[in-house]
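When the chains are written out, they are named A, B, C, D, E and F in that same order, and each has its own residue count from 1.
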Amino acid sequence: MSLDLLIQNVLNPVILFFFLGVLSIFLRTGLEIPQPIPKFISLYLLMSIGLHGGYELSKSGLDFYVFKVLGLALLMAIVVPIYSFFILRLKVDIYNAVAIAATYGSISAVTFITAVNFLQSIGDSYSGFMVAAMTLMESPAIIIGLILLNIFAKKSDNGNLDVKELLRESFFNPSVYILTGSLLIGFITGEKGWKVVDPLFGQLFKPMLAFFLLDMGIVAARRLSELKKVGMFLVAFAIIIPIINATIAILIASSVGMTKGDAFVFAVLCASASYIAVPAAMRLSVPEANPSIYVTMALALTFPFNISVGIPLYYWLANKILGG
Amino acid sequence: MSLDLLIQNVLNPVILFFFLGVLSIFLRTGLEIPQPIPKFISLYLLMSIGLHGGYELSKSGLDFYVFKVLGLALLMAIVVPIYSFFILRLKVDIYNAVAIAATYGSISAVTFITAVNFLQSIGDSYSGFMVAAMTLMESPAIIIGLILLNIFAKKSDNGNLDVKELLRESFFNPSVYILTGSLLIGFITGEKGWKVVDPLFGQLFKPMLAFFLLDMGIVAARRLSELKKVGMFLVAFAIIIPIINATIAILIASSVGMTKGDAFVFAVLCASASYIAVPAAMRLSVPEANPSIYVTMALALTFPFNISVGIPLYYWLANKILGG
Amino acid sequence: MSLDLLIQNVLNPVILFFFLGVLSIFLRTGLEIPQPIPKFISLYLLMSIGLHGGYELSKSGLDFYVFKVLGLALLMAIVVPIYSFFILRLKVDIYNAVAIAATYGSISAVTFITAVNFLQSIGDSYSGFMVAAMTLMESPAIIIGLILLNIFAKKSDNGNLDVKELLRESFFNPSVYILTGSLLIGFITGEKGWKVVDPLFGQLFKPMLAFFLLDMGIVAARRLSELKKVGMFLVAFAIIIPIINATIAILIASSVGMTKGDAFVFAVLCASASYIAVPAAMRLSVPEANPSIYVTMALALTFPFNISVGIPLYYWLANKILGG
Amino acid sequence: MKRMKKIEVVIDTIHLEHLISLLENRGFTGYTVIKDVYGKGERGLMIGDEVTGVFQNSYLFTICEEQQLNDVIEDLRKMLKKYGGVCIVSDVDWLIH
Amino acid sequence: MKRMKKIEVVIDTIHLEHLISLLENRGFTGYTVIKDVYGKGERGLMIGDEVTGVFQNSYLFTICEEQQLNDVIEDLRKMLKKYGGVCIVSDVDWLIH
Amino acid sequence: MKRMKKIEVVIDTIHLEHLISLLENRGFTGYTVIKDVYGKGERGLMIGDEVTGVFQNSYLFTICEEQQLNDVIEDLRKMLKKYGGVCIVSDVDWLIH
């Protein structure tokens, strides 16, 4: 990987604020962004990418290429948690294997945003409908995880699984809902609508991300103290599986003729792990799994890895495989 | 009413976010804008319209037309709660009649803002001092309500009414205070001051409104479950009285020669119902009234009606009566 | 002092919102900016001045003039708490003398910001690295205070002072950390970085300050009820010592050839008193001192004095001494 | 340690100031308040996160002598009767310091 | 005043809805909730301010008759066994109004 | 159910960490904290919403064995003496799960 890309990624106020947050925990400064501000910024970021994606989609329209990519996104969201589960079962009990597999099968919106930010900063572009792909990839892993659980766990008290409730919670969780809703609003109101919301949801997007990553740095570093609970196998998993997922994604993307920018974004989605929607769902439906393990992996290992090293690495890979 | 206006009003990101919030409750997504963010945005919106109104006023100055309109605003703020009270007494006990009458005699700032937003989006305009009219219309209904209560209720424990405290609470409640204050600051600092605050209080106004209406949609829809407590008579009241008030307002406006834009805004003010300042005052001074009734009416019926159907309807009416 | 300057300072929406906050308490309107919004805006303001200062520094670079000024800043941060302590000991017990001396030895970032805002509004300028001077002046007074305490208090239970912990808390408190961090990020990412963050941290800076000062007005006025605990001597101290400190600062500045703008900002820093970082530190390490006294002095007396009368006064002084 | 009474009250946030002045008028010198809790009672659900600010409770507790409790109890009852809310009393040991 | 039982529960915010429906199904008509408290127990530190929303507790208390307590206690035990959390019961005097 | 002690402390938020380390050093394994409550006591009003962060209380409770209470009580007293605050102790039944 060219060192240039790495430096270009890291020497960016947005990423630097993440590390400022991390360092703050090690120096015990007591700095914090008080709740519910981070929750609010997170909502803002989701609305922004939804609106912007919808607006872009209204310009480009829906064609075969769009549906092809969305289909692939869905496919990966189903396949990733399955193979992750069997890898995890080598060392991990069934409950934690399900929860971790679901975590890595889903996506992280902030990683997506950081990747898009990186893409723009180096002057490359991607298709607006990738936001739809992201939305589509958020929930399936939860369902897959619970199906795996029902197949492989002994049927003790998992029998009374409320399927309807579960589907509702998978597909109508707050993140998926606000993303889909904003995407639709952006799509329906098009150019005219975008002009109305741009000053807040467009212009302020990047600096707000800087703000949010400061908080993410604090939260991620705080989680690091739980690393001993995670264990070597899972630490390795948290770094290696993203690279594997990204590579597979780029290979598939190349074989079906996706553009380089889209392939890169697709790779980032496959490589990222959920630390909001999936943990909440797992906490409810697989209380036997230990959230200190799966949240710590996603938040304190995979997320920092992806936004610092992963993103330039996947871009370099996309470049190699799809040709500069 | 021309369907065009209705569609133009609804196909606006700002309004669509309201319905996204409503839908969220029906789908039980769990989406919420955590407190105190909505309170903060509400404060922001009030400051924005105050500052902007003051700035506009500093440009136009005060003349006879201004005082005439302000006088009419005051008149309607006194008359509306009185006739509302007698209509309500047909079916409702005295305490709730007072509280509901006061609610509908006062105004809703967010409805005003949405109306202004609509006006701008169709390229029409209004006078900046209408903000002053709005401010003036917020409190009188509280006083009128309590006078009615003192006249018609048997003098049991309402005797110890602390008049001074009451006046203070009516006229120095947070909404009235921040509106008046911002209006004055906008007026005093004029063009130069507006330049300082414009990037936040001007540029970001509309998208912030989108944000706030998302929350209002959630809050309003949550209230809908209380609708059975309200009963058919009051449901009908909550839809019909705004139309009546708006029509009266436009007729008066036409008879004294207000501009079409001002007449429309005036109608919206008369048609809107308070769900912040008045409920707080009623909760304190008429604890016998049931807030689940008057808040639900204002928030879950009148507010959604006004911002979706009412606003284009009143505009169409103003057009008919005052001539295109 | 020319009355013009005073009026120019006060007839500014930013300052007027401060007084709107003050008045709100006297009228008991119940207006408040709910927590944690003010904490968040305070964080935002610190990040803004850090980023902007770092960006300016990246343009101007580091030279002898910079180090000279930073050295003087450090000197004043050490000397002011010492002479303040001995003045205070005339009337005040040792614990409160330490806490008040530390409070006035340190600085108030919002006063700094208001001064910069004033400077810009009258078309004058200052050097970006003054932000570094401010950062440097935040902590030393805490250390000096505790050294004074150790020297002059009888060695009862102050013996077990954890020096390492104390240094950490003095130098890695949230304000100092976020200021330094943002300064560095602004410096490293330079022009390109500033472009990314400008829409939020540059453009919205002044109106956000208006917002924050509204809250400061509320908080300061609420403290006024504690004034009787403070007593005449300390009330006088809270007004006179800032003028003395500012005058000394300008004299020093003039003798070493600082620019007028820098001299003015330096004077404001010396004149201002801390109401966040130092009180928190004092509360921890000198629990015997009464926070109702030192916080009230800094927040309800010195801060309002500085931003209304002090700033134009110090500017006028700088003009007199360093020549127009 | 000293045997004392703990009075706990849940009341509409909007009436909290009344409650506090009642206590202060009766010579209570200490209390602790948790603002903006939510709950359910006779008057239905207090949602707690309303933009209206009208459906919010606060929780207050105060540690006092038995005598103080007796002094205030009737006024408390009247207040709750008018405004709604809940009040409970229990025995605690107060750590004298 | 009437002798009643006070049940206090600390539970993951994510399971709070379950707890409330359990109570409501058993005929409890009143409760008070404080959201987003934090703490430490067998399952480690609940940090409380996570962006994930997963490590947050809520605190609920309800005043009830002894009989109601007995009705709900076994279900509560099962719920805490599955989800973690803590439950305590004490005696209080309820101010009738 | 098991008879236990409930210790409740209100203390400046700024000293909360000290309190928690004191408890942890004495082998307390569980506690629950409600941050940023406000109140009034000997040292005047703790306004709670200060931008200074200096006038804020926190409320902590912990359920423990009587023996643990006895172990910690003297240190607690010292801490409150130095920093202010309030501490009460009561009897509760702990639902074993």
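Here is the rule we go by: contacts are C-beta pairs under 8 Å (C-beta built on N, C-alpha and C of every residue); 3 or more make two chains touch, one makes a residue touch a chain.
If you want to know which protein each chain is, UniProt gives these names: A, B, C = Domain transmembrane protein; D, E, F = Nitrogen regulatory protein P-II.
It should be emphasised that the depicted structure is a prediction, and the values quoted were computed from it without experimental measurement.
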item: Between subunit A (Domain transmembrane protein) and subunit D, the fewest steps along chains that touch one another; value: 2
item: Whole-Å gap between the CA centroids of subunit A (Domain transmembrane protein) and subunit C (Domain transmembrane protein); value: 42
item: Subunit D-subunit F separation of Cα centroids, rounded to whole Å; value: 20
item: Separation of subunit C (Domain transmembrane protein) from subunit F, taking each centre as the mean of its C-alpha atoms, in whole Å; value: 34
item: Subunit F, residues touching no fewer than two other chains; value: 34, 90
item: Contacts with 2+ other chains: residues of subunit B (Domain transmembrane protein); value: 32, 34-35, 39
item: In contact (per the touch rule at the top): chain pairs; value: A-B, A-C, A-E, B-C, B-D, C-F, D-E, D-F, E-F
item: Subunit E partner contacts - residues on subunit A (Domain transmembrane protein) that touch it in the complex; value: 32, 34-35, 38-39, 42, 157, 215-216, 219, 222, 226, 275-276, 279-280, 283-284, 287, 291-292, 295, 299
item: Subunit B (Domain transmembrane protein) contact footprint on subunit C (Domain transmembrane protein) (complex, rising order); value: 11-14, 16-17, 20, 23-24, 27-37, 203-204, 206-208, 210-211
item: Complex contacts: residues of subunit E adjacent to subunit D; value: 1, 4, 6, 29-35, 63, 90-97
item: Residues on subunit F engaged by subunit D in the complex (per definition of touch); value: 8, 10, 34, 37-42, 48, 57, 59, 73, 76-77, 80-81, 86-90
item: Sites on subunit D touched by subunit B (Domain transmembrane protein) in the complex; value: 12, 14-15, 36, 44, 47, 49-55, 82-84
